[in-house]
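Below you'll find the structures, each written out as structure tokens.
Each of the next two complexes has chain A plus one more chain, namely chain B in the first and chain C in the second.
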Partner chain A sequence: MKTLNSDNQQLFDKEIAGDDYYYLRSCIRQNFFPGAEKVFLDILTQKLGRKIIDDEHHTTCSGIGYHTDIVPFDTFQAIIARQFALMKEKGAVNAVVSCITSFGGYHEVLETWKEFPEEKRKAQENLKKATGRDFDVPKNIAHACDIIYKYRHEIARLAPYKLVNTHTGEPLRVVDHVGCHYAKIFPDKAVGGAEKTTVLTAMIEAWGGQPVNYPERRHCCGFGFRHYLVKPNRSYSISNARKKFESMQPYRPDLILTNCPGCNMFLDRWQYALAQIEGKTYSDDKNGIPVLSYEELAGLLLGYDPWHIGLQMHQVDLEPLLKRMGIAYSAEAKYRNAKGIPMTPPKFTGCLE
Partner chain B sequence: MTKKKHIAIIGGGIAGLEAGSVLTRQGYKVTIIEKENKTGGLLNHWSSLFPDFSLPGEVLARIQPENPDLTLIHNTCIESIKKENGRFELFDKRHLKLYADALLLATGLSVFDASLKEEYGYGLFINVITSSDFERIHKAGQKLLTAQGDPPKRVAIIHCVGSRDAKVGNGYCSKVCCITGVKQAIAISRMLPECEVFNFYMDLRLYGSKYDALYLEAQKRHQIQFIRGRLSEVSENQDQSLQLKAEDTLQGRPLRMQADMILLLTGLEAARQNENLCKNNHLELDENRFFKSENMQYHRNCSRQEGIFMAGSCICPMSVNETLDSARSAAIEVDNYLTQKER
Partner chain C sequence: MKMVVQQLADDVRLKEGMNACMNCGICTAVCPAAEYFEYDPRSIVVAVQSGNEEKIQQLLTSDTIWMCGQCMSCKTRCPRSNCPGIIINVLRKVSQATGAFVQSRLGRQQYLIMKTIGANLLRYGYCIHPSAVDIQNHPEQGPVWEWVYSNREEVYERLGANLDREGPGAMRKIATNDLLELAVIFEQSGGTVLWQSIETHSKNKAIELGLVDSQGNPCMDLYTNYLLNEDPEF
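What follows is the complex of A and B.
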């Protein structure tokens, strides 16, 4: 089967800054998979020797509130203006956004300011009145996955492991899921554009895996805010995730790779929920298909301890994948806290007991 | 002597050939400059013509001008036009220089590059083809087969690919694709009677004589199904068949459909050289990148530059018979201009 690969990236090639970043964290991610952002920072500074500012003063972008009509657009603009003001105070010009919702939101505000300069003036006034701060528009805005994409070959050179099944020598079959707000709002801000986004498939290829295309590749994971936040609409949310799993199942993927905090969470946890509802999984076992973000995967390949980067937080157990990839780990250390003290393990991992 | 004036025609498609034929018969010297190694333009690639399934070769055979006053220059692309002392100077990249008393533009059309509509998968999924691909297959006398070599059981024809689509910068209607879709659906049905054919359309713009009759025939005799709906995306299944996601806008419902092949009816665009030809003179392009007429009601063949005329689809997309009519009317305008100039 012809797969989506970096050769298809003819139309959209974005500029990604090479160093001196300012990190804009995700508000939800640190609760779901707290190790992902930590390992991103560590890879950047310790492995790649790049500089990045991790600023404790920045806040949520309020994107979820904005998309659910709780936060008005004026407020949203002022909050984003404040993040830019903090960047300015630190002397940073290259923003790196951890969250896909935020990434879409930052670009939405910047495009609004381009088209309607009066909105920018209003945001400047509001920010000044509320905080006394001034801001500059960043020179470059990248999503964190763009940075890993940019340095994918360097990571491959440094990595002791590959996306290869060490028992068979075959490349692992990886399906990617790109968050909707990464490319579908502003295709030119995405590596490869909206229809053939290559930001993740290029990583898979560079790291020895085989990207696998499947019919519902571009379908939403079900994290649409208006759907899952309103409880009676959650069946709509989970039915979207189901559509994706049904579509990818015949390809028997070893792994799902994501670039969005919400997608990572939903594709992991909804497998459990669907298994409990329907009594079936979409893998050959009861575990389910493992789901990793690009930083978690980069961290694993670079030899980080899976438990130090929080992979025990995943519902679908990562241990079968670690074994397949020949990654050394301690099963005994899986549920110990940072001080090494054992924690209560979950009742079970995976999707079905 | 008016009759020995020289007219240069840019483009050796059917518009250029027909206008050249009329003008030489009127006693002018004509030079046709064609960018390919063969005259006939896009008609060389079509298998049959709507609405009567006549052969393009028959049209081409009738309009090949044979006259000692007509010169054909092949493999030459005119890059710029300059007016000097009441005459036109034409240049190509290789320093060809040609003088003419009047100039007729017949640069024709180019076909929209379907791979730009990434969501439809042309160039990515092997069983997605375009209307031009189908014409080539049909013309070669081959059967339509999937990439696996099997006759398709279901084909979906998608209208308006790169036409009436602001997203790709083509807000206008290419006009002749709807009837081409009907014609190709019938051709597939004749070729593969067991195959189900679906046409997904936005509007059916069947403006020409006998076009509606063909549409009716498609439905009644060939059981072609027409769904008013816009395709949102195409994906490939494991067996390389295709999944369509579309909206049936009459039912107001999204739909998913499996098909063995998808045929994209590609829109038509102005020739890419048009922009270059507007330099150093008063030629203008309209908002759709076709040549702008001096007046679109009663001087459609006259450009914004005195002495330069237009014929055929360089004005807007046209069917074969409209192109020929346009070429003849352009020839009259050229003759009027040169006659008046002489007086």
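What follows is the complex of A and C.
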């Protein structure tokens, strides 16, 4: 008989390009976790020896505007067509998308173009008239987590650290959260499909941790687009996040691992907000359950300085996890600027003072 | 003016999103919004499928169509490959094009989103920018974000980002030519028309609510404040 903790997820693979990528940044990830994007590029180029273009000319895909309905579908298609045109101009055919909303959006547009070629012609015409540019459809579109998933074993071989509690020798217990638009709209575009969180659990296993199942594993983080972005609507967002935390708490996770920039931020911030409202945390301490994205975790395991990859931007403090994993770090260097000058630290970290 | 049924049908996403709903209700069972609101995506799909002009008109003026959180969990579960979430996008589009959105509290909020996310899009080239996530409007972001926000030049520099500067990198300044292309795409592909519709209908609503200046012109600061403090009807 299987226990609730056992992870028997089948691998559902998709084609993931192996090299020569074009990076499409995420509005939310750049904003809240700029170090995560930086370490992703660094791992790819410096540790794995792959090539990736970081083109300053691409913009937002406007996906948040599209899903809040202030960007029409025609405009969304034309903006995505512009990103593809920039790729073409650089000779790139393999897109790597940092954002989950964008990832779903690119596939929505491409599937529409397959089914309704007149929509593609309209996007071509709109783009040409607006910018003079032409585009080709990329050969391969991967989410950035797909790339880390693809090279997870290579990363494990290079990593000086593991997802193990160095005090007990036990694997760390990791719950995962896969962003809705990674797989729920087009399951065949995702590693593991819509039902399985393989893209993250395979990393956890390759890196020595224990994936832990929980009932609301596939529930939304609660972003809800207009429900978070309009201040009076935010109770929708926090209520959904609360449902997830209540569901994972009995399994006493050491870490929440995410693949979506927004989810990474919300699962971090809403723990703080809920603690301020309800006076409780979902961990055994006042800190809360640490939250990391796949690039942040890969970076940590590969020995990057946690403060160079931006882990001080998380509200739930990562220091307890670093100690548990035996990762060397300087607490004193946490709040220093680029010149090494100490900055006044935040009023407090974690969920409760 | 076309019937709203035809306006919905003109959008290819309706063909993508609706394939003979059998009314099973799995979309409602799995929907986070249905758990939070009095919201039933099943009945919305049934109403749209019926082609009943009156029922669809009611939807366009209601709070209901604005309750969906766009997670698209409904798409995964539907045994007929319908996507209520995308049908919602089409309803919202027509609601904004016809001005019906200002008749509901949640619909009226489109003005707020246009003025925040929409403004960020064309000003920065990003949907979100650190300077727009201000502490007063985002207390849920906590003291660490307050620290980031207050010291953002130093913090982003430390992390190798390129905040508001030229060249590649995280939160780089999007070049003027690139921003201009984005603006022309908006103009060319209907984005500007949509925003004009939101603006015009919102101003008319402000006048209807008496939120005007001494000359009788709509006062959109008052309207914004009204939207932020408007209570739901129970």
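As a working rule, the second predicted complex is superposed on the first by the 341 of 353 C-alpha atoms of A that agree within 3 Å, B and C clash if a C-alpha of one lies under 4 Å from a C-alpha of the other, contacts with A are read in each partner's own complex, and residues count from 1 in each chain.
As a working rule, contacts are C-beta pairs under 8 Å (C-beta built on N, C-alpha and C of every residue); 3 or more make two chains touch, one makes a residue touch a chain.
Keep in mind that what you see is a predicted model, and the values were worked out from it rather than measured.
Contact with neither chain B nor chain C is seen for A:Tyr294 once the two complexes are overlaid on the shared chain.
When the two complexes are overlaid on their common chain A, residue A:Lys196 makes contact with chain B while staying clear of chain C. After overlaying the two complexes on the shared chain, residue contacts for A:Arg217 are found with chain B alone; chain C is out of touch.
In the superposition on chain A, A:Tyr282 contacts neither chain B nor chain C. With both structures placed on the common chain, the touch criterion links A:Tyr21 to neither chain B nor chain C. Legend: residue contacts after superposition of the two complexes on their common chain; A:Gly63 is shown touching chain C, with no touch to chain B.
Counted by residues of chain A touched, the larger count belongs to C, out of chain B and chain C. Judged by the touch definition given at the top, the superposed model places A:Pro250 against chain B, while chain C stays out of reach. Comparing the two interfaces of chain A, the one with chain B and the one with chain C have residues 194, 218 in common. For chain C in complex with chain A, the residues that touch the partner chain are 11-13, 15-16, 32-33, 35-37, 66, 69-73, 75-76, 83, 89, 92-93, 96, 106, 109-110, 112-114, 116-118, 121, 125-130, 133, 137, 139-148, 151, 154-161, 166-172, 174-175, 178-179, 181-182, 184-191, 194-195, 198, 228-230. Residues 1-2, 4, 8, 11, 193-196, 213-218, 250-251 of chain A are the ones touching chain B in the complex. Note for the complex: chain A touches chain C at residues 25, 27-28, 30-32, 34-35, 37-38, 54-57, 59-60, 62-65, 67-75, 77-79, 82, 104, 111-112, 115-116, 119, 126-127, 129-131, 180-181, 183-185, 187, 194, 218-220, 222-227, 229-234, 236, 238-240, 243, 269-270, 272-273, 307-310, 312-315, 335-338, 343-349. By the touch criterion given at the top, residues 116, 118-119, 124-126, 233, 235-238, 240, 243 of chain B touch chain A in their complex.
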